[in-house]
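What follows is a pair of complexes built around subunit A, which joins subunit B in one and subunit C in the other.
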Partner chain A sequence: MTHALVSTTLQEYGSLTRAALERYLPDREPRRHLYDLLAEYPRRPGKMMRSSLCIATARAFGARLEDALGTAVAIELLHNALLIHDDIEDGSEQRRGKPTLHVLHGVPLALNAGDTLTLLSLRPLIENATTMGARLSLRILAETERMARESAEGQAMELGWRRDNTAEVDEAAYLEMVLKKTCWLATIYPSRVGALIGAGDGIDLEPFVRFGFFVGAAFQIQDDVLNLVGDWKRYGKERDGDIWEGKRTLMIIHLLRESTADERERLHGLLRLSREEKTAEQVRWIRARMDTYGSIDYAGQIARGLAGAALHEYSLVFAGLPASRDKQFIEGIATWVLDRT
Partner chain B sequence: MTHALVSTTLQEYGSLTRAALERYLPDREPRRHLYDLLAEYPRRPGKMMRSSLCIATARAFGARLEDALGTAVAIELLHNALLIHDDIEDGSEQRRGKPTLHVLHGVPLALNAGDTLTLLSLRPLIENATTMGARLSLRILAETERMARESAEGQAMELGWRRDNTAEVDEAAYLEMVLKKTCWLATIYPSRVGALIGAGDGIDLEPFVRFGFFVGAAFQIQDDVLNLVGDWKRYGKERDGDIWEGKRTLMIIHLLRESTADERERLHGLLRLSREEKTAEQVRWIRARMDTYGSIDYAGQIARGLAGAALHEYSLVFAGLPASRDKQFIEGIATWVLDRT
Partner chain C sequence: MEERQRLKRQDPDRTGPIRNWSTVFRNPESQEASDSGERTGPTESRSGGGFSDSVTGTVKLAYRVVDENIRLGQRVAQQINDRTYDLGTMRSDFHDVTERTLRSLTDLAALWLQMLGSLIGVARPAGPSEPEHTGHRGAAASVDVDSTQPVRIRLDLQPRARDAGLTVYALHALDPASPPLTDVGLEPVKEDSGVHIRLRVPPAQPPGQYSAVVVDATGNPCGTLAVRVGEPAGEPASTS
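Presenting the complex of A and B:
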């Protein structure tokens, strides 16, 4: 099965990236207030999807694995840096099955550790110059800056909706937010820089935005669904955490649209409440309404549609390349994101 | 007088950097939750010392002003990004005469704006390649990563002392913290990258660490003194804010060393309290002890000694260069940092 190949490849490329990443984690003082903190998230179990997609795309376009490894490390470093800051911004309590970094060490030290990890991610990208030359490594740095800007815009959109308790978030706005906040880092950037490493500066990167958007949006929606129905131990985050945090998900948007005027009014009132102001009974009520109106099934259908669109884009972007296990992996990713439990 | 020349140069280079910086602040959505926030600190009045020192050093070593302008912009962007995050970490309430960004917009949006500004600072550094070539611009990026790491280590040291209410902070530890937290960004990095721009990749950058340390440490100590005795309107931060925040300054270290056992015990107890737990009477008591023991005068003497050492290093590093207004400015900076009110 293709998904067995996806899992094997994630394990293989993930292990190689993890090993290479260790060399970038400074082994010196101040440990207890900085460098031990940086190492926390990267050493917790993670899927390594972003870095593996980068390596596979580079190889599918003809690069050697070692050409892409530094960039794969940078992706994981930056991803983990953003997770630290996102967890603070969202007030999240669990990450990869353990307490979040700011819960363990307080906001000031966790925030500073996130900053350090962000800028540490530049090291492998700068060192790229020794193998791929100064020009191409600068091009990848420019892609990195672009991706970081897109992610920040998406995060600002989502935080803004929560802060203002925006009523009129529709599916188009939701998908634009996901494109920016999730897809650019999770799928678009890894495949774009992978293609640059494999094919060089001349390649047209526009098609990778579409491919990455479809895969990444399916991934995000499935992630939000797992937050409601997943096995907590395997999922690694707090069950129903998104409802506690007042996050605008596709399920919430569907529910707001489908529910009665009275329910909608109550829901708006609840979305306005902070985590501390909410009760477990209120969270259960929202969750039960989603079952009544089929909001989770609806989100699952949208995710499957996106995965189908991703397969179509895959055939356009990767069609001309020679058959390889890496191509199969990239194709498999498009539906694997829905298969996670 | 030299200090008139320092002020004129700061105004001239500062205005040019501010104008160039505006081009990097995105003029698009999401404004209210992201891009308006980024622009706040850079548009408030600031000394522009860091960027001016970079431009002056580059010119003293023979570069044209326009060769250094992009890097000067990057310095200000990164400096402002770190200020946003520092203000959150320190719980500061005032910055440049107005409320801090997280007080105005909440921690989540301010944190995200800081991240965006951090990575936006890469743009001018990447664009450097068009004028100075890919290799030298990558070298400056590597310097940037080094500086960010030093700053983060210094910030972790200081936050760690406060978190643990560390009793044994001595002057050596304090100066190491200042070297990392303040000097690398304020003086060492600007003069190092300025020298790279003016003299090219071959120049030995070690002497700039000493010069920058002496200037930067004098600057930081004077800044801490101004927090206690400065004119609030001109200083732009909350009076006695450092005492409220429990910051380890040279004055606190001196006071702990000079005071009686009873006083030391009370002082330790007070340093443990958060801003919210402290009373105005307790802050006044600490401030009065500093007067009794001459802690502020003592810090002033150390700062003057450091400025003298900076002048000595200046003569070693810049001696061989042709006379120029930029050389005079750099020499003037060493004592100007003590002259601020």
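Presenting the complex of A and C:
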């Protein structure tokens, strides 16, 4: 029931955000080399979880939907801009069921489109000043700066581990990377700016870091699990893509810890290889070891534990607010992230 | 009198402190067993306990990680809150924050300057004198719908919007494969301060939720229009 409400709300708020987002995608030249490219990802089907969480949090705190719409649009634009860059940095080939932007158009044009989309994401935030005043708009802009910094630091951690083939990635380091790389943009920032819009800048935002972190970490781990076992058509990314890319997922960390010394040595050797140097047989071997040691089950259990912590944090943050559909949606998100297939 | 033998603690194997987080919730011996090639099954991993111990340990670890991040944020917030927000400071802060955000994107100079200009134009002190908008739902509205499918319409407008030149663009579904509803219009009705909605739903329009933002004459959002198209029932269109 709650998850049906989550899906319905995602559809409703996602649809509104998509419609509002179109206004910020320039309809002018140069289309072929810039504006058609940067509109690609925002127009592909996505979950719209980030923007919906922002709108729902704002409304749960008493704001009108349209007060949060500009910020929701900014979140989607920035999210899509970062996806373009992430796909290049990760060497990813599929995004939302289609080839990635750099595969379609080459790295230089994709990079430039990502830069421009980042810049465009600031426009709705700046326009906030006309409707909600300079002080609140400044707070949101400052939140945006922190989120962007945290995301960049998280991405740097992960890219650095892969470049240096770091062996000593433990769970604390992994969780810190996920907190920065995933959670700040996916859940912490949307709920913090939503609360600012709804309650004003006097609200204490720290509890939203905990709530957003646990939801976002459960979301990321489930996303990594889906990369291995998900329905490719629904998931929209390459099966086993994270293994091909040498990502340090929770499953890889678990496998490195649980495997024998010989296996661990071979695994380190394979993780060092670039995508082009790996073979399908090597990827299958890593995947089979994960099954042997229960690494995927382990990650699933951890994701459920983190979702439980998210529900606890939800009860602390939102308990005092009147009952509403938006409040139900936010609560439902904590476990909905695990039900994706 | 028999002399008691002095108790002596065995020397530890380690030669320095263990600062590896992964051993906080795990017996280092299991690592040694693993290193020696001895396999442990998934349910016996970490501390010899089951998955539930792992989950407990990882959630505790997660709290430590996030609390450290919060402490870092508090230090940054302290620096921000120490600053005063008079008009001049706010203009300066807008420039400062925006400039840092855009530092790597200065090649798009025209748009950059345009944005800075708009910021300076709107920066003003916030306070109780700012108009407080109140939500307005259920404004008087008449509808003119042409559809072979059941349709439910919801219009949310800010009060001030009713007097402005309203524009609503195409209504989009979340699924990009569904074509948008493009034949839609909004007109203010001066006699009763209401709004007239005109909508045509093409035959065989995919059922679902379609939404659009209503903008005023200046292009600012001032409301939303949501249309739910139902499954064809062979009945004339109904509205609510």
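Criterion: the second predicted complex is superposed on the first by the 341 of 341 C-alpha atoms of A that agree within 3 Å, B and C clash if a C-alpha of one lies under 4 Å from a C-alpha of the other, contacts with A are read in each partner's own complex, and residues count from 1 in each chain.
The working rule: a residue touches a chain if its C-beta (ideal position, glycine included) is under 8 Å from a C-beta of that chain, and two chains touch if they have at least 3 such contacts.
All values derive from a computational prediction rather than experimental measurement.
When the two structures are aligned on the shared chain, A:Val229 is found in touch with neither subunit B nor subunit C.
In the superposed model, A:His33 makes contact with subunit B only, not with subunit C. Within the superposed three-chain model, A:Gln155 lies in touch with subunit B and out of touch with subunit C [touch as defined at top]. Once the two complexes are overlaid on the shared chain, A:Val103 sits clear of subunit B and of subunit C alike. In the superposition on chain A, no contact is made by A:Val283 with either subunit B or subunit C. Residue contacts after overlaying the shared chain place A:Leu111 against subunit B, while subunit C stays out of touching range. In the superposed model, A:His85 lies in contact with subunit B only, and not with subunit C.
Counted by residues of subunit A touched, the larger count belongs to C, out of subunit B and subunit C.
Touch criterion met: A:Leu119 reaches subunit B and subunit C at once.
Contacts of A:Leu5 after superposition on the shared chain: neither subunit B nor subunit C is touched. Overlaid on A, the two complexes show subunit B and subunit C touching the same residues of subunit A, namely 115-116, 118-119, 122-123, 126, 129, 133-135, 138, 141-142, 144-145, 148. Here subunit A touches subunit C in the complex through residues 8, 10-12, 14-16, 18-20, 22-23, 43-45, 48, 64-66, 69-70, 115-116, 118-119, 122-123, 126-127, 129-131, 133-136, 138, 141-142, 144-146, 148, 150, 168, 170-173, 175-176, 179-180, 206, 209-210, 213-214, 217, 254, 257-262, 293-295, 297-298, 301-302, 304-306, 308-309, going by the rule given at the top. Note for the complex: subunit B touches subunit A at residues 26, 29-30, 32-34, 82, 85, 88-90, 106-109, 111-113, 115-116, 118-120, 122-123, 126, 129, 133-135, 137-138, 141-142, 144-145, 148-149, 152-153, 155-157, 159-160, 163.
The touching residues of subunit C, when paired with subunit A in their complex, are 20-22, 31, 34-43, 45-46, 51-52, 54-56, 58-59, 61-67, 69-70, 73-74, 76, 80, 85, 90, 93-94, 97-98, 100-102, 104-105, 107-108, 111-112, 115, 118-119, 122-126, 130, 133, 135, 156, 158, 169-177, 208-213, 215, 219-224, 226.
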